[in-house]
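Take a look at the structures below.
Heads up, the next two complexes both have chain A, just with different partners, chain B and then chain C.
Entry: the complex of A and B
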């Protein structure tokens, strides 16, 4: 190695060190000034919308993104204000949040924990997002919730139905508006008993992963409490597309109810197979054979087409509800996009509003302040009636809808009819319920 | 120097300089400017660049030298991640034991899979490794849930024993990964005028390990062992006829590259203590193949470039949405603005796969040697006086 080469490097090196030395004072001022991660400066605040834009839940993700954009529009005082006008808390003025204009960044979770965390991390580290929201799968929601806890930002969960999100994997910085598997089961049980009687024999097909298991566990517990008998519960691989080999044994099992603990494409395929096998026309033990799909969504129902008619399930919200909040939301969503919103769109819109309102009431974006403002917060006017954000596990408690596939749909969106609105008291459980035990919220983490 | 010839040593120096100054190089645009969207100099992405660089370097030892195309390398990455997270759960939050265990476990795993898969070569080998990886993925997703926590992924909790560390910090949160007290997530921010540069402890640990892995890979490429592996690639039958048993060599290469993958998995878990089953899916295995081919299989630096290229697209292009586009083309008349945004729409945001696919096709068709060949062609334009040198390079494996 020659000497001249060495000195040139030396010059560059010492230059860099000198530059760093000059900049050093600013480093300390920069890091000590922030009281919490990504404290907004300069009159704007950034939200991170982390939804699946590719993969099996891309439909839900796209609808969520529409609702987020609508919520940001309303928060900044554009559009007709939507549910901000019907929301029981009146802190939001349509001038952003605490005078800061709301901006947002989007990312693709690909319905993979890794990609979702990478995307959320880049929002926090690069774009300075103060709050992350989204998710269309419980695994992703739990993973991103953990990340937000570590990084010190708030996570407002989107479409996640597993008990674990606010059960054993709950976190102090994470909040869920959507209902869960236990609530689905608790809401369905009385309706099942009323429509199908108390001496049924059930056969479960369950998607073989966390959500499927908690769903199966919840439904089993609720239906067995009615007096139903569980004949068999079979786990199906998540990637399965043809369920014929799983449906055939149902025919000779002596069961008279089939419970499909499937979601998304899985449910569309398994239901279609079940109908093709003529299960709906069968009479077993002197009773009509019935099919139950515990978690329904309109997007799924559309995929299943004709087969969905008369099938019972539960849902968080439906656009045909006639309360003021729902009507206002459907109107502003419909005006902007030309079709009614799905339950995924509804829950993320509510979550964005709830976050903004909490920040406004707390007077700060500090995650700990927001946590305090949301814990035990009671509100109304967001389409689900009176709702409580419980402090013990950051889960919302509200009415659950039991729905059925419509026999005579009038449009491609009018597929489900509401059979019963199960009141919140019936689906409420103790925070230390065995299905939710094993986790701890920990303390709120403001980061920095 | 360091047992390398001058050319390799200067290559090592270039890589060292690139990784050392990455926070500057990857952040060329000032904060708040329109182009800041394209900055990649934030800790998470920089960590990903070097971690996947390590993964691809290891993969290249197998594909580039022996020519065996493994379609199941993500399994080793996943095994490494799971081992590392278990170390964080049971032992302590120090990354050293986690990395060591991960490398050992993935090495053993590679030994078993390699022993079976290497009985065949060519497409049969690829399919066998693919089958093993898919098997690992499905096991991790459902049957092995007590170990892997299934779809949710293995995470740290407040109830973990952590016998050498603490279950929870004084303020009741989960402790963070560290290297003897130096927190992996701690970031040093430097503001220079409108620019903001972030120096992250975890990134520099990964970068240091990348340099070591890169150095080791150069030594393997230049060693008699490396030469033997190249002989296997060029004609295995001939090698067999000369009385040499090729299998121990291929097995060794397979295990080494499996250990590299395990190392990368452990580093991923060290930077972000979570291990998910998707890490083992076949698409993840395919990704490292793409990285290596895109950068230039059989070259030293190619895989690192390819890894950076793909991760950049995944993280930067997927985040450009229509609102951002409208921001860029604001100055145009409304109709034209909407037209341009409409044309670009399929290529950004959720369409990043499409853009990447197009670029991959362009590279494979016009630069069969990968990005490295592109670099060589550019270099040749500036250095026309030494054509012999370039010809010599092309005949043997291009080294830079």
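Entry: the complex of A and C
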């Protein structure tokens, strides 16, 4: 007769204790190593700068990279400190972020959504980037923002102007410093009214993609609210280079204003063609014919040469601003590179400092902590006056510049003049505004 | 009516560019039998010849003007071009103003030389290879060339204006009894149309009325027999590649004031030009010219709001729809020769 000491209950108890014992180190290890995606461990933290290094916006991408390098230099305590000296938040000390030296890797978006997502993914997974930032296109921004949300890293958008980025496509992990199409229209409307009157007939040419649609919708709504009549709104293919057959119908349409909802090469070509067809010299309905380009980029405007003179538009920032932040940034950038920075350079520099500052204030690189620190954050000293990072949609609200092509430029950089600084209150909209409806921020994702 | 006349003018203008590029493509295909996907890049390089000459003429030296400041608040550096310094302010400014027409002279030897180098150095190795190989290698060459241009000149368009005397528009409306400003057309686009007509006529005259041209035409018809007669047809065909490159180059030079040159402009024209060649008939020079103007005019009409309201999106597909119809009804294209691309 055999006598066993094992009982069913005993085996279960022993098994449970042993199992817990075996599992405990794993749980412990997992929680410590992966509190959030790419938690820094070795005294340094890596940023991923995802900019167009090839393709049509490569020059803007190059200027963004210059600004990023400058920001990293300043964060690590080198150089003159730039806008860190004028920034209202004083958390940044020039000793890196939370004691970690800032390093960076770069990716090439090629201004293509799939390429941008691939380079961002590579920087997150292979290079350990804690944050992704950059870009010069709304399509790219929306695509990369979605990827960062899934991967559990913060996305600090670069140059993206579509309403959708912080509208229907907004994400909890994404933040935009740059202004948007609605703000451009809201800033331009009073100036258009003042300079051109309220009895105007407008003809729109619009780039046929997400940014063009939201820009047209915004400027149409703002101008029609003034009393302007929209004669026609024609979509033009994004790949179009010669706009003559789209400009010709404008001549006898009865319109006295042409609104070019175009950006980049499209804008350069359509504006050049419009001026070649003598639209600037035309008198229609007893008024001088006018051309409006809602979104200006100085880098791009150079391509249109003299045709830009006298044309109204809006911009996020301009190097000629005389506030202390802008002066400090222009000095710092101009001394290092020999020419003034573009609005793309300015916005990405600000985004880098804002992320670093949020990490310092939150005391962590956890995306949820950084998100909390940025939401509702009010600051000043970064070149746009008092600015709010609104919690509802992660959109910055600040003054918007209405600019005009300068008639008598004094240098190759002196292309635009600031006509009006429209206060932030005039360009602010409700979070549930119909043009931004349809999406939800969702919850922050720390990844891991 | 005025809108129709305007679109005809637009079509002639677009057609000029298509015809010039397609003419060069057909010359190369007809003589060397090579499908040259780098031809758009040659057009782009021509435009950048204008940019380059403009920059050369704008070479300058700097002097400090203590009364002015730069963007950093330092004493401003004032640039004076050597041309203005050597020839006086007025005459120097006129030379700089005429950079684009002068660039025609500048570009012709450069483009011919470039054509020789490309043909001798690369393309001749692919004469006996399948067309797919030729397309791959010339397309690769096009990408390499545009990346080189981008590395030197950047990605943004570079303004290259026409001389001041050609700025503004001509009022056709008043000539035809319409109200003033009803039909206006930019002077430079009219110059471009006249220029392309001149170049096309010149190429046809060269092939028709010179002994060299006669041999080339004979070689296009039957290369082997011409070779048996003891004529070095290869040398002549190499020259034709250079000539085709020069035609594309001057077309690019003159196009520079219409749309600011950028590194990608060749690709924008390439696909359309191939459609033009196919519609015109592979190897047919008159066919290429005819199809160029025909498709240019049709494309312009398709952009009219009245047409687009009837068939939305027609402006983006008209050329391809017409190409399909023509190839279904005339498989060799409008003026295609029997036996070309049919083996």
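Everything that follows uses one rule, which is that the second predicted complex is superposed on the first by the 416 of 448 C-alpha atoms of A that agree within 3 Å, B and C clash if a C-alpha of one lies under 4 Å from a C-alpha of the other, contacts with A are read in each partner's own complex, and residues count from 1 in each chain.
Keep in mind that, in the parts below, contacts are C-beta pairs under 8 Å (C-beta built on N, C-alpha and C of every residue); 3 or more make two chains touch, one makes a residue touch a chain.
Computed from a prediction, not measured in an experiment: that's the story for all the values here.
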item	value
Fit or clash between chain C and chain B when superposed on chain A	fit
First (chain B), second (chain C), both or neither touched by A:249	second
Partner chain(s) touched by A:58 [first = chain B, second = chain C, both, neither]	both
First (chain B), second (chain C), both or neither touched by A:237	both
Chain B versus chain C as contact partner of A:107, first or second or both or neither	first
First, second, both or neither for A:149, with chain B first and chain C second	first
First (chain B), second (chain C), both or neither touched by A:126	first
Which of chain B and chain C A:118 touches, first, second, both or neither	first
Shortest CA-CA distance in Å separating chain B from chain C in the superposed model	6
Chain B/chain C common contact set on chain A	54, 58, 237
Chain A partner contacts - residues on chain B that touch it in the complex	1, 39, 42-45, 48, 138, 141-142, 145, 149-153, 155-159, 168, 171-174, 176, 185, 188-192, 198, 272, 274, 276, 278-279, 314-315, 318-319, 321, 323, 349-350, 352-353
In the complex with chain A, residue positions of chain C that touch it	2-3, 6-7, 10-11, 13-14, 68, 70-72, 76, 147, 150, 154-159, 161, 168-169, 181-186, 188-189, 258-260, 262, 264-265, 268, 299-300, 303-305, 308, 315-316
In the complex with chain B, residue positions of chain A that touch it	1, 19-20, 23, 26-27, 30-31, 53-54, 58, 69, 104-108, 112-115, 117-119, 121-122, 125-126, 137-139, 142-143, 146-147, 149-150, 164, 169, 208-211, 235, 237-238, 438-440, 442-443, 445
In the complex, chain A residues that touch chain C	54-59, 232, 234, 237, 239, 241-242, 244-246, 248-249, 251-252, 265, 268-269, 272-273, 276-278, 281-282, 299-300, 302-307, 319-320, 330-331, 334-335, 339-340, 410-411, 413-414
